[in-house]
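The two complexes that follow have chain A in common; it is paired with chain B in the first and with chain C in the second.
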Partner chain A sequence: MIGIKADLIDLDLPEVYYSIQDYESSTARWCPGCGDHAILTAVQKLCREEQLPPEKTVFVSGIGCSSRFPHYMKTYGFHGLHGRAFPVAEGVKFRRPDLDVFVITGDGDCCSIGAGHWVHALRYNMKMVALLFDNSIYGLTKKQTSPTSPLGTSSNTHPRGSVLPPMNPIQTTLGFTNVSFVAQTADWQPAHMYETIKKAHQHPGFAFVRILQRCPIWMKDGFCADVGNRDMLALLDHEDGIEVTDEVRNSFPTIIKHDPADINNARFYAELEDQVAIGLFYQDKNAPRYDLYGTSNLDMTNDERLAGLNAHLDRFAI
Partner chain B sequence: MDAVIGNGTEQDIMLEPVVLDEAIIEIVSDSGEGAQKCGQSLGAISARMGNGVWTVEIIPAEIQPPARSRAGASGIRVRIGSEKITNMGDHAQLVVALNEQVLYGRLEQKAYKPGTYLLIENKWANDPLEEIRTAYTEDVAKFREMGAAVYEIPMEEECLKVVRDARKGKNMWVLGMLCYIYDRDMNEARSQIRKIFKKKAEKIVTDNIGLLESGYNWARANMDLHFSIPSMATDEEMVVMNGNEAIALGAMAAGFDVCSMYPITPATSVSHGLAEMMESAGGKVHQAEDEIAAIGFAIGCSYAGKTALTVTSGPGIALKTEFIGLAVMAEIPLVIVDVQRGGPSTGLPTKVEQGDLLSVLYGAAGDAPKVIIAPSTIEECFQFVILARKLAESFRTPVFVLTDANLATGVQPFPRPKVSKDWFAPSIDQTPWTEGLSPYAWDPQTGLSKRPIPGQKGGMFTVTGLAHDEDSHVAYDPSINQRAAEARSRKLAALQQSLKPPKVFGAEEGDLLLVGWGSTRGAIEEAVKKARADGLSVSSLHLHFLSPMEPDLKKIMQRFQKVVTVELNYSDTVGRPLITYENRRYAQLATVLRAQTLIDIDCYSNVYGQPMSPIRIYNMVKRMFAQYQQQLKEQQS
Partner chain C sequence: MSKEISFSEFLKEGTFREDKVARRLEERKIKRPIHLEAEDVASEKEIKDFWKVLRQFYRTGEKPEMHNGVLVPALLAPYLESGIWDTDYPFYCPANGESPNSLEKVLQNTFNLTFGEKAPKILGQNLPRLLSYFREVASLQKGSYDFDPIRDAAIAKLGQLDVHHEEGERFRKDLADFNARLPIGGKLYNFHHSAPLYFIGEHLQDKKRLRSAFVSAVQKQISKLEERLFQETEKAGRKLVKKEDLDFANEFLVLDKIEELSPKKGSELMSESRINRIKTLIDLLRSVEFDWNVEKPYLVTTQDRAEIHELKEIFPNATLEETDLKNAFELARKEFDRNINKFTTQIIAHRKAALELDDQYVVDVHDDYFNHLKWFKLSQDELNLFHPIVLITSSTALLGDGLSCLSDCLSSNKLIKVVALTDRTASQADPDVHWEEASRSFRKELAALSISHRSAHTLQCGSDQSKLLFDGIGASMRANTPSVMQILVPAIGSDTRINLLKINAAVESRYFPYLSYDIEKGEQWGSRFDISGNPQPDKNWPTYSFKYEDVDGAPREMQVSFTYADYKALTREKIDELFIVPEAYATEHLIPVNEFLELRDDELSGKVPFIWLVDEQRRLKRGAMPYMWAVSCQERLDYWNFIQELGGLNSYHVNEALYKAKTTWDAEKEREIDALKASFEREIAVARESAAGEAMERLADVLLNLDDLPLQSSSKVVAKTSAVISTSEPDTEQEKVEEKTVPKAASSEAWLETFRCTSCNDCVDKYPLQFKYNEDKQAVIQDAKAGTYANLVQAAENCPAQCIHPGSPFNPDEPHLDEWVKRAEPFN
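And then the complex of A and B:
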């Protein structure tokens, strides 16, 4: 890391240039081989590439292995309550359009205890990036069934195998009113993952990304086993979709042409029979945004506030 | 003295008004008949005349109850006095009822006593439906039997002489009638009508003034009731509102940027007020998907440097509890207004209770010290929200403002606050953070520390609800947790240092001290005044800070033989089946005070869902003194 990008070497050099180190905080304490490490690397790279000022960047999380994420970023962070990252993140953004907000959540955090807030976060469509670290298990609390655990998963709460079919977070999000960005990627596809998070960050609204995440401790037979299996993933490809190099594209035996404007096909590809599709399922850049409502009268001066207050007091005068 | 009602053609009976210190008047009707507007107007006219006023709405349980139903009573109580009025008082002196059925609910609530004047619309006597005619005749007879002084009044008939549809406008005719009975200033009354119908066509204004004058003249010609309530005219600019409106205006005056809420009775109307005020005068109301999200959102705003409050009632507090713990742990300033209602569970949604003190104080997991304050008047509802914001920021903590359904709906005039920009929250500090300063650099004396706000260069840190050290790093060493808990607790002691001991109402020492908090103050002090006039040695103390408590409480209490809290929450009564001095469960403030002072404090409390009335307290005091004398006698013999 030399700290300077080649194309920046001209007379307009910005005053500060942030390198990867500027986004690194304490050493991550996830298990060796945990997919979360790769996601952290991708996000730090995004921060550097986009030169996000650390003081204007806020990572909000819930509780879980994945939700430790903000501690490992040298930005502002909010490691809050299990399942409640979305309301906090919405509050942060509501009257602070200058802040760049990311939500980090796990499959238990988002799809179980936080499901109510998840529905509404999609509908509010406030500009922020939400990354669902989906290892299809409760990691931190040691292997309980999660809503996304595959049918038959043997866990500490269902030792004889889970009895319900898993929730499909992509299908679920695609069913919510006012959803505006739904993508899927996998932690073991670093190039694709990076481009997906980047696309999410550019989206003018609420960008939901489900990241298939390996947990070698509790789910050895899950995604960890899939890594070597090239046929497991199908690539959604489109000029409006996630940008991939030919090299990456050619590594996928199955490539599906899918226009992210087409929500019906998106729903179809969300539930392929034997494969999992990664890429951009759906994007609508014009969906109404609650954060724009939130900031509509932000520029009011104290004089205007005082005059307004006095006018309201007049209504109660006798 | 059931009056024979004249037909208005006789000579006016010019009575000299009987001078009263105060009067309690109720107007009850089916909902939608304008009783509340009538009462509010009577209150506003009286306040402009310089009288003390308290009004409170009588709200039916359903949105659209059937007409002429007993549970459907909708209306208003207006208490007018020569001096400041602080509560809704005891029995009504006079009631105007637009039908006889709606009186039953109020009779059950013991709002009236023998001798109360009941002024009832008499058109039901000639109703086309026989069952209505019978009900009317029988019930009116029953009211007379019960000792009420019933007046059957041709309201509809008289209104029809002025307008074509009496349903609209009968309330203004009643207002006119009451203006005569209580000797109100008719010029003020006319200008009140102009104010109400400001946005309406001139014809509507003149029709309503016509009704007002017709009511007045009819009463003058036909009624033998005529009172006056002297007042001290004041030049001071006044405002009149209920407690929830006062909280909303207080939030505006404090410069709150966000009110994040989820609807719940009786708190919701705070946000109704704020929704429009914030749009036009700064800030935003966020209606969240539930109470958990509402407080989480407010915490997010506050963490990002924007002042936020959340407004709720008991069931909402239960849901918010986990986030309250986080705000304590992470030291995030936040104001939580709890407009208390009857509990537990959904309880009595529209009725008053002071039932949340203990859950707010101790509800969260672990030790979660926070500030709790309780306004006792409408004006204090306004002031305490401003105070709460300052405390939240200075002490980096959640602050609870506990009000209740009684304050929420009680309407009282008070001097117009001279609002100033200095009261607004300061703008967000976005200057670079002091290098090397930790986000929780707890001062060893006070526990206080300064917080970095997103946007401040060099201040980056991660808030966490996990036990953490000064740098907000997750604490793996348990001694850090002990130290951090001490710092958070120390803040309350630091705040207490800046508080003054509360003032005793009545003598500084004596036989009996009543201790109250929140909305009961007016009733308690009125009862104390009355008992003192009887020569009883009783005083009262009203607490505004419940956490930390005001200093010197023990010293003050030790100057009295007996201390009794007066509260609107449940406590066991010794002598009831199985209840003894040992297993008795005390009222909430009593529980806390007993633990803190080790004084054997007694309590008087109930959960009828009614505001504490002066007469109940007065009777309790009388009983206590009688018991005490009895004991003395027994000891002597």
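And then the complex of A and C:
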């Protein structure tokens, strides 16, 4: 009714405002020029923009340079086992659906040793953001071939150049059952990266973001060389996709109109010939979520649960 | 030692998170949105039997079940349940009388004024919180407050908001800037049963300011007139300069010329009668000076209202009289007659003085004119200086015995302002409201009666919206005609917030529509009526979209009208007069009352009207109403349609609205075009610069003899078309490039594309004096000259995002400058 409006005393406004410094922990020990710095800033900015309460936010990681991430965030964190970030994060989300969960993983961590968990994390579709820091190398252990290393990459494991074609994490995720959000961005495109992570954070389900990440120490010829090459990236653009300003949009020579509801086209754009597409490949907001099952499963009182438990145990009584 | 807890104990105790989940689930159960509940299907026979009873109920109002329990009109349910509603109170009146407004607007306007385009986010977000702090301090118990202490308290409280680091500093600075722009002094008014009287008080204050301005004008006249008289006596004492007197200067002066120069007109002596006239005038003007400073506004009240309002507090500078209604009109009339004559003489004196000072007073003409000048012939501005007589009473008294007195008063055209306060929402048990029972009788409408006295200014207004009320009262007080202001105020001693909702509902339901009739508003047909203060004034009933859940939990939306029946249903006792129809029996014959009232006679048979209600469990229910209710809705609708007609809807107002929409549209477009132009110009500037840069690069390539020119379109074409031209072409191309770019690249400052910075820490760590991070932790140039040019070039070389541009050197004495300039080239 026109004369009446919401009473302001009950306004749902935060009592505390966090700034970027409130999310900053110890100084990041990544190498100078490492793309991880940029990702850290983008994530801290997201926390600030969304005013995520630090005590309600969790970063879970595996092992690798990238997986040091939780140390640099003044939130809850879990620096876990190599390849096991997803199961830990799923456990957290299952029991504490009220927390905002982020998974930080590397190409080795996710696509190699952790690949099994990766498949099921996508299928579970629990609400969380998964950031794959893809520098196409094992960074922490000083240069071993990773599943995403370009063919012919010379490394400690393949001094004369790698022999297998690299895996395409975007194409792979698009093939997993119950996938609901797949996006790609690049650490040297801070504006696009920020918007991508923001979109992922809004997604009601498991949001997978692959970030092309520079490692100037071991992969100097990799993405580092692409920073000045404007033609290397193509922008996937759509009103339902990643929102960018005209300034950012116009900085891309190639812009591809792509509706993120269209999974077939998404698969096509996942493997362009000379370019790498960044943007939102696919989104389905209605995919079933395992974490909802988890919380609704609790729809009984403690007494009821105890009675149920006792009834089961009684069956074993002699 | 930590105590060991077994698993089952753990569960029993209920940990923090178990509790939380349980609580949330509990909440979810209770907080099910408004919904329709699933019911068993009724058989055809059951339905038939039920409708027999229902039709009987419609005709007679008799029904099997007496009590319906707690039910509220659907549209109000969300408000009532949450206890959350508010309007635009408190209202702020500045000390200097300039642009009073609702506090909310004052805060917003001050915010816009302080920050313009650069609105700070946190403070902007917290303006509503600030408003709520104001409201907290100015609790609803009192009618009026001084602004300053409340502002200080509210600002101090907001200052304690937990904002950290740079943002915190910025926030507190923004708050201080904002506070410095907030007005000083003045008063705040709450939603209160005396609000209209406080507003009248403010308008009387306004009048006081006008009057003192007039007194100063009069004082000026007095001194000027006195000066004239003084000159006259001077002149009379001393003879004019004569030729003989100046004989001694014969040799130096041309005496004839001097005589020509001496003033002719002023030199003539004033006639005795004029001097006397001016003297009388001065005496009269002195009486203005004296009287107007002591004269007070005159208010007369009837006892019923005098008991309720703290009149002495509200009108500290007025003469207050309390008596019965009949006598009140008599006193008001007498007071008017007494004051108006004196007032008229004084105004005339002012006019005469002006003529005298201009030497324009012509006795033959003006004496007669002024002798016959009556008060109602005075100009609008002049009449505005008159203290109107204010009569404060209640609508009930006026509609009872007072009607003939009121009619006499309005027909007499005297500047008497009748304030009729009513706290009668239909909800109160009132013998007068039994009109509804007599199905075809009509309610007496004070506003309609007042309008029928054609020249009386009429206002009917709820008190739920402060600005509307304040402006309405202002227009009424300023009108140079008698006025009637009928205002719905909260009943004293009852819950203020419930009253606010009820008054709003009274206006929304057309029970007490907003209406203003202003004879001075203009000639255009319908323009004197204004009903725009009503919700959706072009419709029969205001209609809103209403969200609920279907039987199967699916979200649904429907259009629901707020009718007079909904308003009635706001009262506990009336609810029981409705018949709740279970969903299983709701056939197509059960019709929302707004649609029911639009049916043709032949469509009516068998139909029963209903309204949507919501019970305590948030279940949506249909409340069928008896015939009497439908009749009372029809009666309200008739009155509303009558007002709509008077308001000339579809003519004047429509055109006004169209015109307004068009002008705002035009202004919008103009702004857009300006913005486009500006951004276009910026783009051109950027393009120019980058073009220059590119050209420079190409030039460098050529000079360094690098193999081929960059593939610019022109050279491509050349290569394809003819080998002959291609040899000469590059030269001219080269020259062009040289011409265009060399002067441009001469000097530029270092710059950084912050939006591309990847926050790698490199530049800020190595050259902290020259670079720093902004609020978003992206690098900006802090002070390029705080280090060497060499530093800048190295930073650019190391920047992984290649977003640092060192520009040109700023200190010609720096060593190895040539080398650095060369190294900087790829980054500029």
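List of remarks:
Methods note: the second predicted complex is superposed on the first by the 292 of 318 C-alpha atoms of A that agree within 3 Å, B and C clash if a C-alpha of one lies under 4 Å from a C-alpha of the other, contacts with A are read in each partner's own complex, and residues count from 1 in each chain.
Everything below uses one rule, namely that a residue touches a chain if its C-beta (ideal position, glycine included) is under 8 Å from a C-beta of that chain, and two chains touch if they have at least 3 such contacts.
As the structure is a computational prediction, the values presented were derived from the model and not from experiment.
With both structures placed on the common chain, the touch criterion links A:P70 to chain B but leaves chain C unconnected. When the two complexes are overlaid on their common chain A, residue A:G33 makes contact with chain C while staying clear of chain B. By the document's definition of touching, of the two partners only chain C reaches A:E15; chain B does not. In the overlay built on the shared chain, the residue A:G91 is in contact with chain B alone; chain C does not reach it. Residue contacts after overlaying the shared chain place A:E304 against chain B, while chain C stays out of touching range.
Residues 95-96, 98, 302-303, 305-306, 309 of chain A lie at the contact with chain B in one complex and at the contact with chain C in the other.
Listed in rising order, the residues of chain B touching chain A in the complex are 44, 47-48, 237-241, 245, 249, 252-253, 255, 257-258, 260, 277-284, 286, 288-290, 292-306, 308, 322-323, 326, 413, 416-417, 419-421, 424, 452, 454-466, 473-474. Contact residues of chain A toward chain C in the complex are 1-11, 13, 15-22, 28, 32-35, 37-38, 40-41, 44-45, 95-96, 98, 187-191, 214, 216, 224, 227-228, 247-248, 295, 298-299, 301-303, 305-306, 309.
Touching chain B in their complex are the following residues of chain A: 25-26, 53-56, 58-60, 63, 70-71, 73-81, 84, 86-96, 98-99, 116-117, 119-120, 293-294, 297, 300, 302-313, 316-318. By the touch criterion given at the top, residues 8, 11-12, 14, 17-18, 20-22, 25, 75-76, 79, 82-87, 122, 125-126, 128-129, 131-132, 135-136, 161-168, 171, 462, 464-465, 500-501, 504-505, 507-508, 535, 542, 544, 562, 755-762, 765, 775-778, 798, 800-802 of chain C touch chain A in their complex.
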